[in-house]
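Given below, in the form of structure tokens, are the structures.
Two complexes are shown next, each including chain A; its partner changes from chain B in the first to chain C in the second.
Let's turn to the complex of A and B:
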């Protein structure tokens, strides 16, 4: 498998701060995976995201050590325009990334910057607009649509550039549950239909867990745990020690396991549906 | 339900015939026709421009009720101009005293000058209202880009337009936040309000800095470079959607020709001046009567 993103002994300290935001990070992300990056606020997740798409160090001052490579090419050796075509970044506040007067202008902005022809822009619009379900919004100002729609517009504007790596920095932090679900529906389609490499910094674990192939725990600037989703969430005590609070269904079965009511060897269910099945099985066995 | 386009000053039906005209022609109309009153002294001709603008507004299906908000503005502006020309116009023994109020002389010449100034300013405002009532931000950008104004300039202009709305929104948020914590200058003296205004300005300034930082990140993250990208011919997809047709060229020609006609009439033949104005003749008969 090809490595899409590779951090090697990577450290970053913002100027005028004493602590390093990221410390000696070593991380490899394979192509085509959907990766969840979790950790408490201030742990360095956004710094990690910005380091991938060159905003760090191009837009921020600080001290950088080690390397970040996208498809084996060092980030600092690529120019920003080239890098944006490799790693698309969706910000947590969609409004912060709007640069145009209408949704349509917003979505085509990145494609125009890439130098695509009118025909290519039209083709990509035909693909991304239905995918993100923003057909009705094209003529509207992007800052006047609802929160969920804003985030879908932000996602469409990055997706239209078709970057091989898509990085989303807390894309649902400002959304209601329906808005969150719709964003994850789009990400699910991207994963299934286009095998995109998607990295999501996210707190909403109930939506992330069913989709993620790999999970990364970032805590106080360090990557403490990297594992496939299922074994990752089996280490629930460790995660909770680091202020990661899993969805209720996981925590419930974890308690059952600790009290000896759930087999030690069995995997914890990752969704309510799966939990229901496990619980029925458990009750049948008891009876 | 009729689909509406949100313009800078209101809403206009998407089916408005005005949208068949290229945005550049609309911008040209604003830029050229708003110059007319500078060359036309005769008030009735300037009021004619207002009628023309009203006719275009009707044709464009703009709800004329929305213009009611400009009535108090127009009246107060007229009163202000009249007062500055008459009450604050100074004593001029050489002028004709049309009437006196509390022994204060109101000169005929100053009243005519006030009417002249008012009749010149009003059509300029009407032309601007027409343009802003029927144009979206996008139309303005397209017009400038079609005129080969560099993308970076129009982009900065668009950002400036957008930032106005954002600052207003941020100001409202800051004000509500301050109010929620017991800071409410309502009912307090002007002096107190001005002194405490800094309570709004500092967070607003901090928010503006943060927004500009976020904005810079956003455009960099999507590959924009103010100096243009090396070897990349930037397509302008939005501009590409607007076609400049023969009709637009004809309309542009008419607008230019009308400017030339005004200039020739005014400076070549001496028309459109105050001397042969019907309004001035009417004022003269009203204020001077038979006196010379």
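Let's turn to the complex of A and C:
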């Protein structure tokens, strides 16, 4: 297995604050995994993201300790252009990344900067535009399309650069539930068809849980829990103590488990379909 | 003929933007005391346009919006602002004054309240949202986002509008912060009798807080009723790209076992399970 991202005893303190934003982080992310990073606002999730693509320390002042490596190369040793091709970052506020006058120019901008040939750019557009469902928007100014569309444009412009590590900071915060699911469908396809390493900071867990291989809980600047998704969510009491609120199905079965209605050793169902199956088993057994 | 009119009545409302887009078509709606409404529907379904028609910022292309017996077409924005307040999703779209005090006092001054009453209202609004008087002299832009949001809300409250419309109050908030904001809206509703309308995509928040749902799709009201009733109509929800919260979906999937398709909360589901298990 190749390690895509490795944090070793990594700490970061912004120069204007007294407290470290991240404290002694140790975290390894294998290539090809889809990783969910969760935690309350202000816990250090975005700082973690910025530390991977070099925005920290290049654009922020502060004190850095330890190391962050992308494919065994120290982030501070790479130049920003190289890093941007290694780690694609989709911001939670898509407008923060828009620079062009049309959606098409916006999507093409990164590829042009990489020096791709016209033909290669065309090929990638043919791939990314239907994938993110932005055909209709190509001629429009990016700041005039709706919030959900903006998030898809931002995603397309980063995906088109095919970064081996894709980092998304709350990519669906502005979307309606089905728009949200569409983004996660795209991420699922990327994972299956391209074995991309995908790291998602997200509050909405319903869509994240079925896709994630690994979950990371960040709390007050520390990584408190790292585990595969299923065992991670078996520790629901611990997560709830740290202000993580699970989707309804998981919480429901957690209650049943606590009251002895659901076998202690069984995994908690994570989707509506799985929940239905288990519930039928429980109630039909009785009859 | 002395029957009391609802505080707000929308009749056959259509709204067309200048570029020709028909954003609302034939919308009928009333809002009255006791309403705590979630306005939901896919992006672009007309939620924000409708809100701006309710507070008179947009005038109907066809039909009428009557608020407190005033026709929004014939009523000044100022008169509307003391009846229907609109809180932006991003507080920074709303803040523009040099100090927190000026920001909150802007509305009362604009409606030409005497200085004494302006002061009272600013202090009251600040107290309700829990703003420390120490912030009064500070420029709002450099305060943390949570505080800026409170300033934005206080500046609306100072006008004492009966209806408060809040656009996506929980977007970008974590769950704990989202619950704090919603509990605050509940307090405004219960203790100060405000009619609350909130726009959101967060269905668990809707099931936990809304008494009523107005479901919008492509400029129409697709459904309007008690929360459980609207969530029990998955077809209508799907039409506008919304799905009920997970626990409601689970209850609907096992309706045949005796669960209520209008189940809103995990606790209800657990309780029903115990009854069925016997």
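Assume the second predicted complex is superposed on the first by the 287 of 287 C-alpha atoms of A that agree within 3 Å, B and C clash if a C-alpha of one lies under 4 Å from a C-alpha of the other, contacts with A are read in each partner's own complex, and residues count from 1 in each chain.
Methods note: a contact is a pair of C-beta atoms (placed from the backbone, for glycine too) under 8 Å apart; a residue touches a chain by one contact, two chains touch by 3 or more.
All of these numbers come straight from a predicted model, not from anything done at the bench.
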item: Touching partner for A:283 - first (chain B), second (chain C), both, neither; value: second
item: Chain B versus chain C as contact partner of A:210, first or second or both or neither; value: neither
item: Which superposed partner A:188 touches (first chain B, second chain C, both, neither); value: neither
item: Partner chain in contact with A:164 - chain B first, chain C second, else both or neither; value: neither
item: Contacts of A:66 with chain B and chain C, given as first, second, both or neither; value: neither
item: Partner chain(s) touched by A:116 [first = chain B, second = chain C, both, neither]; value: first
item: Which superposed partner A:32 touches (first chain B, second chain C, both, neither); value: neither
item: Shared contact residues on chain A - chain B and chain C; value: none
item: Residues of chain C that touch chain A when the two form their complex; value: 41-44, 171-177, 201, 203-204, 241-243, 245-250, 253-254, 257, 266, 269-270, 273, 276-278
item: For the chain B and chain A complex, residues of the former touching the latter; value: 5-6, 136-138, 141, 158-159, 161-162, 165-166, 211, 214-225, 229, 231-238, 240
item: Interface residues, chain A side, partner chain C - complex; value: 39-41, 92, 146-149, 170, 173-180, 203, 206, 243-245, 247-249, 251-252, 255-256, 259, 261, 272-273, 275-276, 279-280, 282-284, 286
item: List of chain A residues in touch with chain B within their complex; value: 53-55, 58-59, 80-81, 84-85, 88-89, 91, 93, 96-102, 104-105, 108-118, 121, 139-141, 143-144, 157-158, 161
